[in-house]
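In what follows, chain A forms one complex with chain B and a second complex with chain C.
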Partner chain A sequence: MKKVLALFLVSILLLSACSSGSKEKANSGNAKDTKEITVWAWDPNFNIKAMNLAKEAYKSENPDLKIKIVENAQADIVQKLNTSLSSGTTKGLPNIVLIEDYRAQSFLKAYPDMFQELTGSFKAADFAPYKLAPTSLDGKNYGLPFDTGVTGLYVRTDYLEKAGYKVADLKDIDWKKYIEIGKKVKEATGKQMLTLDPKDLGLIRMMIQTSGSWYLKKDGVTPDIAGNAALKEAFKTYKEILDADLVKPVSDWSQFVAGFNSGDVATVPTGNWITPSIKSEASQAGKWAVVAMPKQTGINGSVNASNLGGSSWYVLNIPGKEKAMDFLAKTFGSNVDFYQTLNKEMGAIGTYKPAAEGEAYKAADEFFGGQKIISDFASWTEQIPQVNYGMHTYAIEDIIAVGMQDYLKGKDIDKVLADAQKQAEEQIK
Partner chain B sequence: MIPAKANQNLQTTKSGRKIRVKNAAIGWSFVIIATVMICLFYFYPMVQALILSFQSGTGTNLTFTGIDNYARLFKDPTFITTVKNTVIYLVIQVPVMILLALFLSVLLNNKTLKLKGVFRTAIFLPCVTSLVAYSVIFKYLFGQDGIINIMLMKVSFISEPIQWLTDPFWAKIAIIIAITWRWTGYNMIFYLSALQNVDESIYEAAKIDGASSFQQFFKITIPMLKPIILFTSITSTIGTLQLFDEVMNITKGGPGNSTMTISQYIYNLSFKYTPDFGYAATVSYAIVIMIIIFSIIQFKVAGDKNE
Partner chain C sequence: MVENMRFIPDRFKHNGLFIVMFFITVMMIITVSVTITWTTIRMSEQFFIKKFSITNSKVMNQVKESFESLNYSVVIASNNLLSSGNIRRVLTEEESNAEKMNSFFYMSQQMKHIKSNLDAYEIEIVVAGRNGVNYATERNYWPISDEELRKSVITRNTLEEPKRLMYQYDHRNNQITGLGDGNVIVASRALMDRISGKVYGSLYFAIQESEIRKFYSSYTSPGNNVYVLDKTGVIVSSNQGKLIGKKADNFLSYASGMKNNSHKYIIKNFMGKEQIILMEYLPSFDMYLFNVIDKQTAIGDLINKKEIVLISIGIVLVALVIVFLASRRLTNSLSRLVKQIANASKYDFHQYVCETDTYETRQIGNAINSMLDELHEYVDKLVLAQKQQRNAELAALQQQINPHFLYNTLTSIKFMVLQGGKEDTEATINALISLLQNTIGNVSETVSVKQELDNLKNYVFINQKRYGNRIKVNYFVAQDCEEHQIPKLLLQPFMENSFFHGFNHKPEGYINVLVWQEGDNLICEVVDNGDGMEGSLESNLPHTKRKQQLFSGIGVKNVHERIQLIYGEPYGVTISSKLGEGTKVRIYLPIKEI
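Moving on to the complex of A and B:
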């Protein structure tokens, strides 16, 4: 019996060791709320760097507050948030988290009361209007707008010249003209016009946002696919670009970057966050320029400005939220000087309008032949049509990607969109 | 019962019972830990997932919807496509891999083969690589400018690069090649160890009777390995139905959803889209049901008297 007793004692010891371990964790979690806040973000070269600068800037305001910045991949952050929030436990969650604008609504709606309302802690009118729709719910602000995904068309001036074009010829064009130029460039240089990843419909998203349209209607819930003129036009343009053989297909990010770094493509239509990657190929200095995004052909109200990606800061409704709110409000929310530092140190463009008046935004960039790209991007930012991304960007995009494959294989465009609409309506509830 | 032991028991009934109780208690205390752990970490989540599969909603806003989720499965074109894709992988990849593994193991079991260890290690080595690591490498091998396209073009097999990852047909082929590379060696090890247990005299007798190598393979090797073949085909079937890492890393399910597997759809439903954990649980139970059905079929087809 002694052995049995010993065994029980050992197992009890083991069990209690386990449980006390978790208690300790919980305690430390509570303790840190008083003096320390945690931030989760991805991309060490951009978001993390910006957060670190914010941390420096905040030191003068409140030197006592410890700010712990944790780097995670975006997919990991999404998973961790989803698992923690759905299990109802807030332990181990950060105070501040970065969420991509396309996903923001799904988090805000799926986990009500888990995010802290930020209305009033910053002046919403000071931020680019297109950022406010995805970051708020029911008229309340939940996210503090951060980087802009304002898009531009990066072009290789040397390739264009060979085909007899100047940069001015590409300013404020539509996609029809783009294809026309593309064909000439291909003839003259043998280079493709752009890279495309068939799994990523970023190009479609950029195109339809120039017309103020999205996969969903203004309410952010009803799919807007069949009968969406902008989307139909985008599909047609996409196919025309492929049919004209202007595309170098890629299947991931590194191939995408390699596409322009190796000089294989003449243009890169994408968000301004690609600037550091473009500049990383120093031998191409002076050969690039940025022009406004082409607009859609034949769509009323289509403008030469769009958005791709971009994210905002959110505060979770857990102890420490007041401190976190104060930190955000005094850095990303109102500090013009801080935005100048951000821009000088890392070329980041925020969506805080007063910052555009600063000196740093007016600097010329020699890599782009002395073009003032930051101020160009800032002016395009203000023109981006506001759309409600809603909750289902990625779910619908997967449906549309299938439709696109069918369309490219020759299925009728109206039938493709009608089928996608039907499927989206069934899937989204 | 051994008579001697019975006598002993009669003599010392009291202490004997004590010992038996004690032994039983020790035995149970060993078993109980594992049992509790399995129930807690295995059966409890399974039951919870089953309950979850009858609920629907975004994130934490779940409500009971009865069998709506299961009805939705049959109307969900994405789910149907993922099942089709997975079945295509299954019916092409599993037989190819099993045959290849059998073939290789018979070759490597040859008594006169030199450097046997080297070959065995070389073929088994893919199995110890991480799923993600090898997937990423395969992605680069099969890229537009990847080494496979370059090699094929250099030897003038093809004039234009094959769109391995961006064409619906070739992307499936690329995935099948990748999983075959990764898992053939794993199955081969089972066949090799089974072959070591086959009595050499059977082959000798067959040779004396004038059986050719082909006849030996089909009339002796295959029947002798039947239980192992059944085992490997069931584990491979289960593995293929749960296929996730390769597709996620090589093609992300694309182009469109032409390579997406059921497991990846579960991932998308939970993490990529607005989370609907209820429906995701339903899809995972659909996999469970499919695995059970496939296993029963395999037992019925191949299992007859070995079971």
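Moving on to the complex of A and C:
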């Protein structure tokens, strides 16, 4: 009796002693070594997707490197970069960041030591020359050119035919011809030629870049508004288009997309990145074609090629930069196959010239009636005049937009540009 | 096997008290410790929950303030838009495209100004006019098309109550820009000319859900979640992104429950876990702000239940060991006592009880022992009294020489005298004299074997003289036995029995008297070859019909009692008999020299 009880008690004690002693866990494995790099970009359908493809492609090169891709709105990226870089802290910053070409110079000039020089890590000559100006500073490369904002004129062939035009009639035209055609199309179909957002002067920018001109002079600092013949011509053209009532006004992006998806407009003069949006309306397959951008009337050296938007990758001068550089150089910097994948998977056109030789670039697109649009865009890319976007593209555009309204209301063009020049000089000094 | 079976119940029998006591104590200790542990845990949980809910309701109030300030910004912005003549013109008048371009531009300038009120938040403003003109600052996070907007529930609700600024949840799959997660809370208001009461459009502030989430996300943690529900029970914002847009009806019932009573918090089972739920009503949003805290994560770490339980178990075990040893000690003495008492009767009350251990058991032992002493005394006295009574009885019987015997014998002698047998007469008278002398005169209890045999011979002689010599009597006495002492008149009754009853049918025969020594025993046998008796009852003494013995008062029946009275149990008389073959009487006695 006694023994049984004693055994029972002892076994309970032992059990309770055992159960309390098994709760230790190895908590090791801290990633202090930079085995991970972070990338910031916007637009999950385009930039993020491209980065993910690059990550896949890089796996064969260096499978150990972890690449963390973070999606942020462009405005957030700009804000975060400005806050962090101006305060001098690098904490929380990514290794690689995507910056729009129009804004690139303002960052490079404001924080030159915070960006890692990429000169020599890729062959600059292999990229479209117009991309090199905004991504470089003092002859040094800082950005690795990514997508092209090469523009084209997307046209509705069915509407044109109703007005008695063929696609060939729109090849390499100037804006004068465009307005002429527009009037006919409107007469024949009742459709407007294009949509315009009064606060976004993208059309003006596209126009003046065909002539190798910009809001700023070559130094990237001095406003070039008064006496800028290309800009003056662009203003005139803009007014003529409006006066001819070829415009359907829109106030935002979704109205812009709805404009062509619903068949309200006959043309869309914009960057090639609009292709997916145009193709999203499958019922319009075969009704679209892309021709080169109209050039400016009466401006010497104006070509049928321009650019709108586009961005490039930058490496920040923080730990892990070597790995980030290597990653970029071996994907966006030199990998032809990668660019083919990029094009096949998402229709993206890079600015890497050797990639244009690839198969994917030569493929015909049935949506555009069998036109080899990628190949066309690639050839236009090479013709885009190189301009220095400088530091103040958007600031000056706000001033010009007000001037434009004045001009549309009847103010003298020279006075408008002179006033804008004065205001810009005061503001950006 | 059988041994064992009996062994265990025996042990249990004597430990019964201990087992009952021990198990009751065990049950009590366990009950008490479990109750106390449980109560302690409950109480501290209650305490923590109370503290917790106070701090969390403060946090909730702060969050509520953030909501209010957002609402205020939206109200100011919407008032600005309402009072704008430019906007009213654009939304009411039919304009040419060129004029529209101009209006859009100025609207954008105005919007920039108005939006500065809302700079702290990621908000998109959409204005829709009755004339079909729509204006949006941007639609990155709320990619609703003009057509969709016109037909949406949001617009319908807004126009139904044109004077109210209302907040509604909306979800759009964001295919174009791919920004955000498509969850927005739309503040909407009808654009109404207050004087004429005419509604000329509606305005929308699309607030990204993540903006709302910022108000409270810093307070949340795993297990501490916040849900914002609209009045239809749809979760419009939460740090649990997956649940946004889902219906949560049970929350609504909590809300009405919590509105009605004054409880600051309730505890409910939600998503399979016990949760502490706090609620704030956001009047300007007409929404409910819920703070749901997993009880386990909130207070699970504060109270180490495992440790408390382990400590309790430890204490209980120690207590049990102590109780076991102590009560064992106490009850051991008692059970030993019980064991001794229980066996006392088996050992004729000679087994005394040990007077040890505790005071109580000592006293009991003492009492029992003195009781046993007295008992012995009584028994001894009783035995003595009985012996004396028996002796007296026997002595009385011994004295009673049957007058008939004397009469008959004397009659026989008279006839002998008449016949002239002088020698025969003399011998018979001599035998009678010595017989009477030995039975009456000698009052000492025992006689030697030789004396007893002399008496027997005299008795036989007298009887043979009276009845003839047809029954022969032989004596075989071992030489060394002659001086042993035996009770008086031991053999005479058996001789008488054989003489007068053994030969009723047989005309003649013999009776042998044998005396010898075997070890420490003296054995006497009276064997006849007479009629014998019926029955197999060997030890039974024959039933004599006569009440009176022929010679003295002592009969066959008395002999056995007498022997046992004098010498004890092991001794006595055995009789074996067979019909027609004779009877054998054997008497066992201890050897006693004088």
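What we mean here is this: the second predicted complex is superposed on the first by the 396 of 429 C-alpha atoms of A that agree within 3 Å, B and C clash if a C-alpha of one lies under 4 Å from a C-alpha of the other, contacts with A are read in each partner's own complex, and residues count from 1 in each chain.
Here, a residue touches a chain if its C-beta (ideal position, glycine included) is under 8 Å from a C-beta of that chain, and two chains touch if they have at least 3 such contacts.
None of the values given here were measured: they were computed from a predicted structure.
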Original post:
When the two structures are superposed on chain A, do chain B and chain C clash or fit side by side?
Top reply: clash
**OP:** Give one of first, second, both or neither to describe whether A:Thr89 is in contact with chain B, with chain C, with both, or with none.
**Re:** neither
**OP:** With the two complexes superposed on chain A, say which partner A:Asp252 touches: chain B (first), chain C (second), both, or neither.
**Re:** both
**OP:** Could you tell me if A:Asn45 is touching chain B, chain C, both of them or neither one (first, second, both, neither)?
**Re:** second
Subject >> chain B versus chain C as contact partner of A:Lys199, first or second or both or neither >> reply: both
Subject >> Which superposed partner A:Thr119 touches (first chain B, second chain C, both, neither) >> reply: neither
**OP:** Look at A:Gln79 in the shared chain and tell me whether it touches chain B only, chain C only, both, or neither; answer first, second, both or neither.
**Re:** first
Original post:
Between chain B (first) and chain C (second), which does A:Asn62 come into contact with in this model arrangement: first, second, both, or neither?
Top reply: neither
**OP:** Once the structures are superposed on A, label A:Leu242 by its partner contacts, choosing first (chain B), second (chain C), both or neither.
**Re:** second
Subject >> Listed stretches 147-155, 201-209, 273-281 or 291-299 of chain B, narrowed to the one that overlaps chain C >> reply: 147-155
Original post:
Where on chain A do chain B and chain C both make contact?
Top reply: 1, 197-199, 248-249, 251-252, 255, 401-402, 404-405
Subject >> Contact set on chain B toward chain A in their complex >> reply: 22, 25-26, 29, 33, 56, 58-61, 72, 75-78, 81, 139, 143-144, 163, 165-166, 168, 251-258, 268, 270-275, 277
**OP:** Flag every residue of chain C that touches chain A in the complex, lowest number first.
**Re:** 11-12, 15, 96-98, 100-102, 104-109, 134-140, 143-146, 175-179, 306, 310, 313-314, 317, 320-321, 324, 328
**OP:** Sort out for me which residues of chain A touch chain C in the complex.
**Re:** 1-2, 5, 9, 12-13, 16, 20, 42-45, 48, 73, 192, 196-199, 242-243, 245, 247-249, 251-255, 257-258, 277, 280, 401-402, 404-405, 408-409
Subject >> Interface residues, chain A side, partner chain B - complex >> reply: 1, 3-4, 7-8, 11, 75, 78-79, 82, 85-86, 88, 106-107, 109-112, 197-199, 248-252, 255, 391-392, 394-395, 398-399, 401-402, 404-406, 423, 426-427, 429
